[in-house]
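The following blocks contain the structures, represented as structure tokens.
Shared between the two complexes below is chain A, which has chain B as its partner in the first and chain C in the second.
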Partner chain A sequence: MMSSNSANNLLDEALGFNDECGGGGGGLLLLIEDRVETSGAFILHHLIKRRLSSPNRPNDVVVFLSFAHPFSHYDRILRKMGCNLGVQKENKRFVYYDMLNLNYPDGEKGAEDLLLSVYGKIQKTVELCSSREGYKNSTIMIDDISLMEVALCGSSNLVLDFLHYCYSLATQFDCLVIILNHEDVYSTVDVPSPLLQMEYLANIVIKAEPLATGLATDVHGQLTVLNKGICQGSGCSKSKIRNFHFRVKENCVEYFYPGSRT
Partner chain B sequence: MAAEAISRALRDGALEGEHAPALTIKDSIHAPLGAFVFDHILAQLSSNISSSKSQAQLRIVDCYTDPLGWKIQLAESGIVSNRSTQNATTASLCKNVRDLDMLFSSIVELGKEVIRETKGRFAVAIDSVSEILRHASISSAASLLSNLRSHDQVACLFWLFHSDLHEMKASSALEYISSMVACVEPISNTANGKGMNSENVPLIEQNLGRGKFSVRFKRRNGRIRLMSEELHTEQMGINFVPAFEGHVTSQSLVPKVQFNLQLSEKERNDRAKVVLPFEHQGDGKPIQIYDGRRSVSESKTENKETNAEKMHVNEDSGRGEIIYIRDSDDEMPDSDEDPDDDLISDSTIFFLTVGILELLTN
Partner chain C sequence: MAANKPRTSSFSRNVGVVPTSQVPGLKHGPNGTVFLSSGIADLDKILGGGFCLGSLVIIMEDPDAPHHMLLLRNFMSQGLVHKQPLFYASPAKEPRGFLGTLPNPVSLKDDKSREHDTEQEKTLRIAWQYKKYFEDQNLDSQKDGKVEYCSDFDLRRPLDRHALSGQCIDCVSLQDCPNLATLYDRCSTFLAQIPRFDGNITLAGRISIQSFSAPQCHFSDKEWDMLSFIRSLKSLVRSSNAVAAMTFPPSLVSPTVLKRWQHLADTLLSVRAVPDEDKDLAKLLTGYQDMLGLLNVHKVARINTQVPVILEATTYSMKLHKRRSLVLECLNQAPVDGSSGTSHATSGSCSVSSKTGALDF
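Right, the complex of A and B next:
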């Protein structure tokens, strides 16, 4: 059994990021899918902390687009995990965009212009960081995609366009794009859901689901991590799937294989 | 092999007076190996071009870097640098993927530039049509592909398509335009929709590395030719191997239980030797079993013996006896055996016999 505070827990092993300090994963898109019964927000918090807690990467940046909660919410949670988001924000390592209080124009054209503006700010931030000495990776996070779609008048196409551009930025500047989406929001959609488009786009898909046996006090759910592998000059690495259970505690999360918990 | 047949068809290009061969590569999220097939076909065609076996020259239109012109707009307004678009491929950059007429013109113009000296033809590869369908209607996309296919200077074209991202009519429209449809399907049937657990993880993982590869060729005379094989992903690409359908079928249909439901060869032989109840008459005489497929003479002999037995029975009418006549052999379930096979065999032999007589007379 491993907690999220240990150097390499099951989740980090499944993600396969090479850097021991929580970096790596450049040029990739990571999709977190959760449900009402099993929130995947803890994965987002874990990754924020991992990306900011590397002393060897002073110029790496986390660009965070929040449609779900105010800054204080994340600050409180990360403080319990030993990470001060306020300080990181002042140091320009945590760039927070409050998408909740933006004035969203009516119509798809107005929404596209707004997205273009937001994308421009992200690209400018990433370009600035990449020009600094010692730059390794940046991270773009979106919490969450379903609320982003609501804010854009239900246009899933605009959301996918935005993700496409973020992904192209990731491949150019060696960034990691992390997005959170809710699987059950699309469960009653008749036409092919935009979630499927994102699954095609993503290099890593993490699904947080309840146990097949239902609710339990000691086990809060299961994680399935699908890592599609990467293709480089020397060839392509094999796709891998890992499945393990988790339990969310006050300041950390425990990950363990079924039946291994004492 | 199916993959080789596809490469040959694309390499040979368009015949005089015919549209260019067009290939749809179709996959789904449960067998997401279409991109590997696309890359393989692209590599094969490039190799053929390099060795001058193909009439085509190959270029790619870049609709990935800036499909909606956002980066150009931001660069022109000074918000970001021009680096993003400068790093684009040397191919033609498409800045508005929604305008398929302009896209068609770009493709044709670029193709004409390339073949200006050689007066040959050019090939078109699209990765992927699913992305085009996000920005344009199916009729526009179908029109683009159809216009490309009928263009005089297009030798061949192929595209990647994720079938589960679109409605059935989109998939059907693209298949109608294609002369070849290559479909990648999962090698293992997982319990889709039943939730994840540690039992179906190995099956899902298997589907990420292996798949069933089925190809439908549409010939000019309207006939359809089907070929299928398996594909395996490897470190340096993919490999195609003949399909072992029985093996695959048995893997997918036999339920996973803790006891063995199948018979080994020895077990089948032993079962064939088992004497069934009521066939053993227990009177010391050899066991006589009626077999409806035996020859008439044998059956006559049997009838005589059976009559003799019946006479013997009548004589020994004081004892009870069970006469069991089995009406057919034990047939394996779902047998594909055609009961008229023996008739076909006879006609084949007849044909051969005629052939031998002709040889003799000559």
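Right, the complex of A and C next:
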């Protein structure tokens, strides 16, 4: 049984992130998919902590676009995990954009303007950070894409455009883009859904699902990590799929292979 | 004297002058949250204390039965008993009429006879249901005249006039809203009057929206507008000392919008009718004849925490205790006739037959 406090837990191994490489490698898109029964938000929290806590990357910045929760929510959660977002925010290492209290949207034109203004803010932040000494990577996180779609009046085209902009920004400035979306929203849609396009674009897809046997108090669900292969120092690794279970606690998450938890 | 000096330390806690526990109708929850009561004691217990301030509660209706109204009535009455401002919106032309159907708390003189009966009933409950929940029944109620956190409502008696007069109650007919921006503005104006001080909550408000996507509403076919409203309402409520409870008929929205709606909810419940005279169900469950309906708890609000709530059971039967108070009970399988051969004895998580696939013991 491994906790996220140790250097290598099953999730980090599956992601292929390690401190030397930094996990950025010329722009990466990581897509987290969850469902009503099983939230994948804990993966975002884990990644925030990883990106802010690495001693080898003291100047890295996390740009966080929140449509789901106010800052206080993440602050409390991360504090229990040993990461003080308030301090990181003051040090400009955690840049939080509150997208909850937007003006009531006024149609497609309003949506497009909103999109441009949001992207502009992110671009400026990333450019500013990249000019700092010792900069290695930025991380752009969006919680979550389906709420962004609602804020943009249902225009999935605008959302995809936004992702493409972020992805090119990521490639240019060596960023990691992490987005959370809900798989079950799109599973009832017949036409090729935006989610399929996101899955195609993503380098890593993490799916959080309930167990086939239903909910349980000691196993909260299962993760399936599809890593399409990132280039590490010694060359490119092949596409890998890993599946394991997890249990979410206040201060960490336990990841373990089925049946191996004592 | 040192004993009279206030204790100072470098650690500062964000505690208000008036402890929230002394404000009637509010109590502290874990992780810095504050709860208010749903008006149904059993539901408060299932949810870990009540509805969390700042959360959006969504109740999926069953077109075959109006049980969601029972939940709303208790929710609204509880707020009025605690003098919490109330905003109510419904598709009816005259929503104020609904206030006349809100239940009154069981009066004190009924309490004395109730206590005596409860004592007797306790022994019966131990014998037949092996449950210990009744031990916690009176934890929150106090006999010295203080207002209870969760009242015991008598659904047969309407709320006293004095509970309604002088209260801040805002009623809106959804038919009068030409678009959802109007409704949003009304909610925003309502919430603006509830003071928002992080450390010192003195008052909480309740928003109750009934049958949101009902066909009478002008916007019922505008799915993205409705989602947009819900998202905006959720954000409004999150930054205020209020709880919003909304009911809607899931069969009237498309599946993908339904999923988005479910994701938007902090707490997600659904009510279902129990078919009359279903012989198979009657054999399967004890107390089937007394059931009004079923309540499912799909999701519990996770504010300021990442740990999910895993309930022992997610389906509860809705019954009337003494024909007046709404209670929720875990489903219990009836003792099985040994000759049938294929069932499991305990109320675990195994499903017995395909007919009961939707029930979760």
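Basically, the second predicted complex is superposed on the first by the 245 of 262 C-alpha atoms of A that agree within 3 Å, B and C clash if a C-alpha of one lies under 4 Å from a C-alpha of the other, contacts with A are read in each partner's own complex, and residues count from 1 in each chain.
Convention: a residue touches a chain if its C-beta (ideal position, glycine included) is under 8 Å from a C-beta of that chain, and two chains touch if they have at least 3 such contacts.
Here the structure is a predicted model, which means the values were calculated and not measured.
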Putting chain B and chain C on the same copy of chain A, do they fit or clash? fit
Just checking: does A:91 make contact with chain B only, chain C only, both, or neither of them? Give me first, second, both or neither. neither
In the superposed arrangement, does A:184 touch chain B (first), chain C (second), both or neither? second
Is A:36 in contact with chain B, with chain C, with both, or with neither (first, second, both, neither)? second
On the chain A superposition, what angle, as a multiple of 10 degrees, is formed at chain A by the C-alpha centres of chain B and chain C? 110
Considering only the touch criterion stated at the top, classify A:147 as touching first (chain B), second (chain C), both, or neither. second
Which partner does A:120 contact after superposing on A: first (chain B), second (chain C), both, neither? first
Once both structures are overlaid on their shared chain, how near does any Cα of chain B get to a Cα of chain C? Whole angstrom is fine. 17
Complex contacts: residues of chain A adjacent to chain C: 36-39, 41-42, 45, 67, 69-70, 72-73, 76-77, 100-102, 104-105, 146-147, 150-151, 153-154, 182, 184-189, 213-217, 220, 248-250
Interface residues, chain C side, partner chain A - complex: 31-32, 181, 184, 223-224, 227-228, 231-232, 235, 238-239, 254-256, 259-260, 262-264, 268, 298-299, 302-308, 310, 314, 349, 360
State the interface residues of chain B toward chain A in the complex, per the touch definition above. 29, 32, 64-68, 70-71, 73-74, 79-81, 83-84, 87, 130, 134-135, 162, 164-167, 195-198, 201, 204-205, 208-209, 233, 235-237
Which of the residues in chain A come into contact with chain B in the complex? 116, 119-120, 123-124, 127, 157, 160-161, 164-165, 168-169, 172, 191-192, 196-197, 199-200, 207, 209, 212, 222, 224, 226, 228, 234-243, 258
